[in-house]
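The following pair of complexes shares a single chain, chain A, combined with chain B in the former and chain C in the latter.
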Partner chain A sequence: MNKKTVKEPFVRIVKRPYADLKVTVIANAAAVVLALLLSLLLLMAVSGLGPDKVLGAFFSASVSTGNRLLAFLQDAALLLLIAIGLAPAFKMHFWNIGAQGQILMGGLMTAICMYYIKDAVPAAVLIPVMLISALLISGVWCLIPAFFKVRFGANETLFTLMLNYVAIQIVMCFTDTWKGTKSAFGVIDRFTGSANGYLGRLFGIDIGWTLLISMLLTVLMFIYLSRTKHGYEIAVVGESLNTARYAGINDRKVILRTAFISGAICGLAGFLYVSNVSHTISAATGGNFGFTAIIVAWLGAFNPAVMTVISLLLTFVSKGAGDVRNLAGLDSSICDVVVCIFLFFILGCTFFTRYQLVFRHKADKEGGSELKAKEAGV
Partner chain B sequence: MDKTAAVSLHDITKRFGSTVANDHVSMEIRKGEILSLLGENGSGKTTLMNMLSGIYFPDEGEIRIGGEPVTIRSPHDAFACGIGMIHQHFKLVDVFTAVENVVLGLDGPLKLDLKKAAAQIEEICARYGFKVDPWQKVYDMSVSQKQTLEIIKVLYRGARILILDEPTAVLTPQETDRLFAIIRAMRDDGKSIVIITHKLNEVLAVSDRVAILRRGAYLGCIETKDATEQILTEMMVGQKVELNIRRTEPRDLKKRLSVRGLTVVGPEGLDALEDVSFDAYGGEILGIAGISGSGQKQLLESIAGLQKVEPGSSIVYTAPEDEQERQLIGRTPLEIRELGVLLSFVPEDRLGMGLVGSMGMTGNMLLKTYGVGHQLFVKEEGAKKLAEEIMEQLAVVTPGINTPVRRLSGGNVQKVLVGREIAAKPAVLMTAYAVRGLDINTSYTIYNLLCEQKEKGTAVIYVGEDLDVLLALCDRILVLCGGRCNGILDARTATKEEIGLRMTKLQETDHE
Partner chain C sequence: MKKLLALALSLVLCLTVLAGCGGNPDEKSFKVGCIMVGDETEGYTFAHIKGIKDACKALGIPDENIIWKYKVGEDESCQTAAEDLINAGCKLIISNSYGHQDYMNAVAKKHSDVQFVAMTGDTAKKDNLDNFSNAFTKVYESRYVSGVVAGLKIKELVESGKLTDKNYSDGKVKVGYVGAYNYAEVVSGYTAFFLGIKSVYPDVVMDVHYTSEWYHWDKENEACKALIQRGCVIIGQHADSTGAPSAAEDALKAGTVVYSVGYNIDMLPYAPTAALTSASNNWEVYYKYAIGLAKEGKDVPTNWAEGYETGAVGITDLGKSVAPGTAEKVAEVIAAIKAGTLHVFDTNTFTVNGQKVTVAYATDTNGDWVNDADNAIKDGYYHESDVTMNQSAPSFSLRIDGITELN
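Moving on, here comes the complex of A and B:
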C-alpha cells in the first residue's frame, strides 16, 4: 500500500453562502485603493516624476478648475448615458455592442438636419426635428439586428458590431461630401453660417442639457427596469425565452421594442455630442465610449445607480492618467494601461465577494465557526 | 465475512456554501462486503463517496485505509489508496478503444504497450466473468458494456474498494441481474463494494449491509437480513411514511378538454404526435404513460398553446361556468388566457419554463398576471400576499419571499410552481413529471394536492414515469407509444405489465 502522506492543502476556496454587502463594499474599496497605488507607482516609474507631481496631476485633472470639472462631468455623463442605453438590452441578454454606430447615426442625423435646414425654421422647430430623427435612425440601427435575430436567428453580437463600421463609413461619406476629402469636417456653424440647432446653456453651463438629460434618463431607466411591466418582461425574456412564452409574453415584440429603445438612447448621446457638446461630426465622434460603456453596464450589473458610480470612477481615472501623460509627454497608451489596472482590480475583487479562503489551520476553528455563525444568522 | 474495516471515515464534514452536505459522518466499509449507501436525493450519498474518490476534499474529519490515516486530494491519490469509483455518467472517450480508455491517464513509459494492457484486461475479464473486447471502440458499446468497461478500468488500476453511483439507473432488468452477479463475484474475491442507490428492492436483493444517510447525517448501518422496505423508508425519511395515495372514486364527471386528431411534427421532421384523440374530464386524474420522448411534452405544450400543430388537429375546451366550447388551436398562451380558459400547467422544466430563477417567489407569482390592467407599473401587493400564503400552506423552505427561487432546493421550487398554478383555480391542471427529483414526503404532498384538485372538479392531466404511482394515483391512463395513443386503460384494473407492453409496442387492433 502506498503510504505517502499528503498534507492537507494550505488554502481552500469556499463559496460564500450569500453575497455580503459589507464584504462587497470593503473588497471594492480595497480594489480601488490598490489599483490607485499600482497606477501611481507605474506612472512614477515611466514618467520619472516624483510622487507629489504625479499625485497632484492625477487628482487635479478632474477638479482643479471649473472647466476641468465640467469636462470631467461631460465625459462621465455621456459615458453613463450610453451605458444606460445598453442596460435594458443587456438585461434582456441581447448583446448590443453597436453603441458606437448608434451614436454616430444619431449624431449624423442631427448634423444633417442642421446642415441642410440651417435657418429655414426656428430653433423651436428645428431642435425637435433633429432630436426625433436622431432617435429614430439610431433606434432603427439597433432594430435591424434585432429583426434578423427574431426572424432568422441571426447572432446580434456580430451584427451590431459590424453595423459600427457601416455607420463609420456613412459618416465619412457625408463629411467628405461636405468638406472635401482633404481634411476633416469642422464645426458646423462655420460651414452653414448658422448656429441654429445648438442646444443653449442651461443653469449657466454650456453642457447643462447633457448633464440634465443623462441624470434624468438614469432615474427613468432605473424605474423602467425595476417597476414597470416592460421591465418585468425584459427580465423574464433575459432569463429564459421558454419561460417568457409560457407566461404569454410576446418575446419577439419585447426584443424588438427593447432593441429600439437601446439604440435610441445611444442615438440621444450622439444628438448631444453634435447639438450640445462638440457641434461637429466625424468618424471619431464618441471616441471609445460605445465600448467603454459596455464595461460600465456590466460592472454596474445593469443597475443605473451603481453604473453612475462606475462611470464617474472610470472617467476620473482616465482624465487623471491623461494629465500625467501630458505633463510627462508620454505615449497615449498609458491611459489605457491605467484604466485596465482599475478594471483588473475591480473585476478581480468579485472573486473575494463570491468565495472565501479557508487556511489550513483555521479550517477547523475559525472557517467552520464563522460559517456556522452565518448559517445561524440566516 | 471478514469483519475488519477496509476504509473508515471519522467525523467527515463537507459544506457547500451554507448547505451542509455531510455532517460529521463516521462509518466503515468492511473487507469483502457489499454495502448499500441509501438516502433520498440530496442526502449527501454521492458527496460522501466523492471525498473517497478524490473529487472533493473534506472540510473536516479523517479518512483511514486499513487503519492508516490518508489524505486523498485527487482521483490519483484515491487510486493509490485502492479506491475506484464508477460514476453515474460514464467518463469514457467515445472514439478510443476499450484498452485505450483503460490506460488513459496512467503514468508509464513513453511508448504505450497496449498489447500487454489488453492481455491484462482479458485476464480480469476471465476472473470475474466480464465480456468485453479490448479492441472495441466505445461508441460501438451498449450502455451496459460501457459500465463494465468502467469497472474494468478501476480494477486494472488495482482498486480493492469499488464505489458504484446509481449503477442500475440506466440498465434493463436483465442487465441489472448480470451486474449483480458480477458484484457478488467481486465480493467473493475479497473486494469491498459500495452501491449508492435509492431503490429499496435492489438494496434488499444485493447488499450485505445498508448504511443510511439523511440530510447529510449518518443514521447507522443495519444488516440487510434484518431490513424491510418499511424500516428502510422510515429511516431514510425520518418519520413514519404512509405510502398510499387517497384515491377517491371520480364523481360528477364533466368534459373539459376534447382533443381530436392532434398531430405535431417534431424538430427532426418526424411526427412527434400522430392523430392523438382523447377527452379529459373534470373530477378525474388522467395519467399519461410512455417512454420518455414519446410525445408527452408536445401533447401538453399543444394544449397550452406553445406548440405548432398540423392542420386537422382540434383541442376544444369546455368552460365550467357556461359550458361553452372554445377551440384552443391557433391561439397563443396569452390569447388562451384572455379567452377565459382556466388552464394551469406545471411544465417539466421548472426553472427553464415554469419559473424565473433569478426572481423571488413574489416575482414568480406575477408571471401570468403582471399584465392585468392598463397601468404602466407592476402591482406587487397581491403577489406578495399569494407568495406568503403558498409559503405557509405548502411549507416552502426559503430565507424569504424575495430570495431567488433558483437558490431553493428542487422540492421547494416545485412547491412554488405547483402552488402558483393551483392558486389560479384551474379547470384543467396539467403536470409533467411533477415529482421528479423530489423526496418521498414532498412527492406525497404533491400527489395529495392533485387528488384534492380532482375532488374539487378539476380535470387533472398527470404525465408520469413511475408506473406504480400512475396506477395508484390516476383514474384512467393514456399510454403513448412513439407519438401515438396506444390505448386508454382503467387504472384500477390495468397492470404494470400491460402498460409496459403498450409503451413499447403498438397494438394494432386497439383503436377506439
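Moving on, here comes the complex of A and C:
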C-alpha cells in the first residue's frame, strides 16, 4: 500500500512563468481562425446559402466598395475612440462603464450649441464652443462618480452604469421638447434651417475628421500611457493603491484627473457623432458602442495599438455577418452572435497564453525537465 | 505587442482569403431595401410588408432581392440602415414611418444614384431632390367610409334606445378617437372619420386622445379606456396596435355599450363583437407602381396618392355587430367617391368656429410645420392629398367644430 505512489494525472495545468511570444501568436491566430470557421459554419447553417455566397458576402462587406470601406472605417474609428477613452480609466482599475452616457452628454451638448446658436456666430467660433462644452460636460459626467469614489468610497461601476440611464433621459427630455408634436426630431439642419457647426469634409471624405481625430487620439493615448509621468501614475494606482500612496503619488488627484480625461474622450466621440457623422441626437446615438468599447479595451489589454487591431477585427466581423444577414433575410441578432463567437475564442485563447498543459509522459521526459529548469532559473 | 502581432497576422490571413473571393455576384440584379418601423407583428408594418412582397412577386423580383430592416426607430438608426442597404446594392430604398423622412433625405443627398421613398412623408415637394419621393394613399376616403359604418351603428343604437345619458353631450352622441400624434396626417384622418359619421348621423361630437406613439399597445389601450369612461360609444383610431379594440371588446363584454373602428388590419380576431370594421391601405398598388418604375431605371414621381379609384384603400370585413343595411350603404358611398360626386372634405359639411371655410393652406414653405401656401379649397371642397398640387401626405389640419382634442 505505502509503496504505491500517487499516479500523476494525465494532464496538468501549469501557469506559465512568462508570456511566450510564439505561443501568444499561435494561440491568437488559432482563435481567430477557429472563430471564423465556426461563424461561417453557423452562417451557412442558418442562412441556407452556399459557402461561396457566405464567404463572398462576409469578406466583401467591409471592403468591396469605397462606400463600404468608409462605413467600416467609420464604425471602427468610433469604436476605437471610445475604447481609447476607457483605457486610462480601466488601467487605473476605475471601472468606467458609463461611456454610453458620456457619449450622449457630449453629443447632446454639441446639439444644444447648434440648436440654440444656429448662425449667430461663424463656424470658426461655434465649433470650438461645441467641442469644449462637449468635452467639459462628458468629463464632468465621469468626474461625478470619481468624486464620490475618492470622497465616500462609492462603487464607480454601478455609479457610471446608472448615469447612462440618466443621460438617456436627459437626451430624451431635450429631443422631446424640441420635436414638439412631431414624431421624430430629425436631422439638425432640417430642423433649425442651419448647418452651422457641421464638420465639413476632410481629404474629400465626409467623415474625414472622425478618422483623423480617432487616429490622433490613439497615438496620443499610446504615448500618454506608456511614456509620461501621468501614464506611470495611472499604472501604479491601478496595480496597488498602497504602493502609489507609499511612493507619494496623490492617488485622489490621479483618479479624478484620469476619470475626467476618460469621460472627455467619450464626449469627443459624442461630438463627432453629432457634428460629423449623423447630425442628429437621440437616445440611439452611439449605438451600443459605449458597451462594445469596454470589450475592445479589455481585449486590447488597454494598449492602444492592440485595441486598434481589435476594433478593426470586431467591426470587420460585424459588417461581414451583417452582409450575410442582408443576403439571407436573417434577424439582425445574428451579427451579435458572430461577434460573440469571436470574443469567446479570443478570450478563451488567453487560457493557453497564461497556462501550459503538461502531459504525463512529457512531464516525465522533456517538458518536466524543461519546466524544472525554468523554475530553477536556468 | 505580441497580441498585436498575432492579430495582425490573422487579419492578413483573413484578407488573403478575401482576395480570392471577390464581390457579390448578385450586385447587378435589382434590389429593394425596406426600412420598417416595426415588424410583421404590428399591423401598420405588416400591411407594408405584405404590399411590398405582393408587388415584388407581381414584378418578378425574387425574395432574396428584398432586404428588410425591421424595428428601425425614427432616429439615426434609419440613416445607418439606409447606408447599409445602399452598400448591400439596393437601388430603391423605402421607409414606412413618417419620422424616417429626414434621415432618408440626409442619405438621399449623398447618393444620387439610389432612389428613396419616404412613405407617408410630406417634405419631398419642398426638398426638391430628384431621388427623394413621398407617397401616401388617400386613406381619408376609407376613413370616411369607416365613419359611415360607425354612423349607422350610432343611429341603430339611438333608435333602439340602448344609449344612456352618459353617452350624450348636449344631446349629441359622443364618439372617441385614439390618435397617435397631433399633426396633419392624424387630423385629416379623424376629421374624415367624423365627417363620415356625420353624413349618416349628424348629432355627434368627438373627443380625440393622443398617445404620442405610433405603436404602443398599453397607451392605446389606456386611451381607449379613458374615452369609454367619458361615455364614447364608438372608438376610432389612428394608432397601429390592437390596444384600443381590445379595450372596447373588454368593456362591451362587461356591459358598456361601445364599438370599435380600427386601422390597417382586420380587428375581428381581437374584438369579435366590438369591432365594426377597419380603415385600411392596400399598399401593393403603390409598391407595384414605384418598384416597377425603379426596376426599369425610371424616376419615381415626387408624390403619389391614390384611393378608391385604383383600390389603394378599403375597409376590412364588416363585423357581426354592424347595423342592418350597412353593406349596401357602404357600397353606395364608395361608388359616389369613385364617381367623384362625393367629396370627403366638402366645405358644406363642416365649420370652423361656426364659419364656413374658404381658405385652407396645404403646404408649409418655411419649415415651421404650419401650412402657409397653396389654398386647397377649390370647387367647394378641400383637395386632400392632391398630386396635381404635388402633395401626397395628408395636409388637412383644420380643427373643425364638434371635435375636441383632449391632450
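Here is the rule we use: the second predicted complex is superposed on the first by the 357 of 378 C-alpha atoms of A that agree within 3 Å, B and C clash if a C-alpha of one lies under 4 Å from a C-alpha of the other, contacts with A are read in each partner's own complex, and residues count from 1 in each chain.
What we mean here is this: a contact is a pair of C-beta atoms (placed from the backbone, for glycine too) under 8 Å apart; a residue touches a chain by one contact, two chains touch by 3 or more.
These numbers come from a predicted model, not from an experiment.
J.: On the A-aligned overlay, A:94 touches which partner chain: chain B = first, chain C = second, or both, or neither?
T.: A:94: touches no partner chain.
J.: Which partner chains sit in contact with A:310 here, chain B, chain C, both or neither? Use first/second/both/neither.
T.: It touches chain C, and chain B stays clear.
J.: Please indicate which partner A:235 is in contact with in the superposed arrangement: first for chain B, second for chain C, both, or neither.
T.: The answer is first: A:235 touches chain B but not chain C.
J.: Any idea whether chain B or chain C touches more of chain A?
T.: The partner with more contacted residues on chain A is C.
J.: Contact-wise, after the overlay, does A:198 reach chain B, chain C, both or neither (first, second, both, neither)?
T.: So A:198 meets neither chain B nor chain C here.
J.: Touching A:326 in the superposition: chain B (first), chain C (second), both, neither?
T.: second
J.: Quick one: classify A:64 as touching chain B (first), chain C (second), both or neither.
T.: In the superposed model, A:64 contacts chain C only, not chain B.
J.: Touching A:27 in the superposition: chain B (first), chain C (second), both, neither?
T.: Touch status of A:27: second partner only.
J.: For chain A, which residues are in contact with chain B within the complex?
T.: Against chain B, chain A makes touches at 1-9, 12, 14-18, 227-229, 231-233, 235-236, 239-240, 242-243, 245-250, 358, 363-364, 367-368, 371, 374-375, 378.
J.: Mind listing the chain C positions that touch chain A in their complex?
T.: So the residues of chain C in touch with chain A come to 1-11, 13-15, 17-18, 21-26, 63-64, 66-70, 73-77, 79-80, 83-88, 97-103, 105-106, 110, 180-183, 212, 214, 367, 369.
J.: For the complex, which residues does chain B have touching chain A?
T.: Chain B residues touching chain A: 13, 15-18, 57, 59-60, 65-66, 68-73, 77, 80-82, 304, 306, 332-334, 337, 345, 347, 349, 351-359, 363, 366-368, 370-371, 376-378, 399.
J.: Contact residues on chain A for chain C in the complex?
T.: 19, 21, 24-29, 32-33, 36, 52-53, 55-57, 59-61, 63-65, 67-68, 71, 180-187, 190-191, 193, 206, 278-280, 282-285, 287, 300-301, 303, 305-306, 309-310, 312-313, 316, 322-323, 326-329, 332
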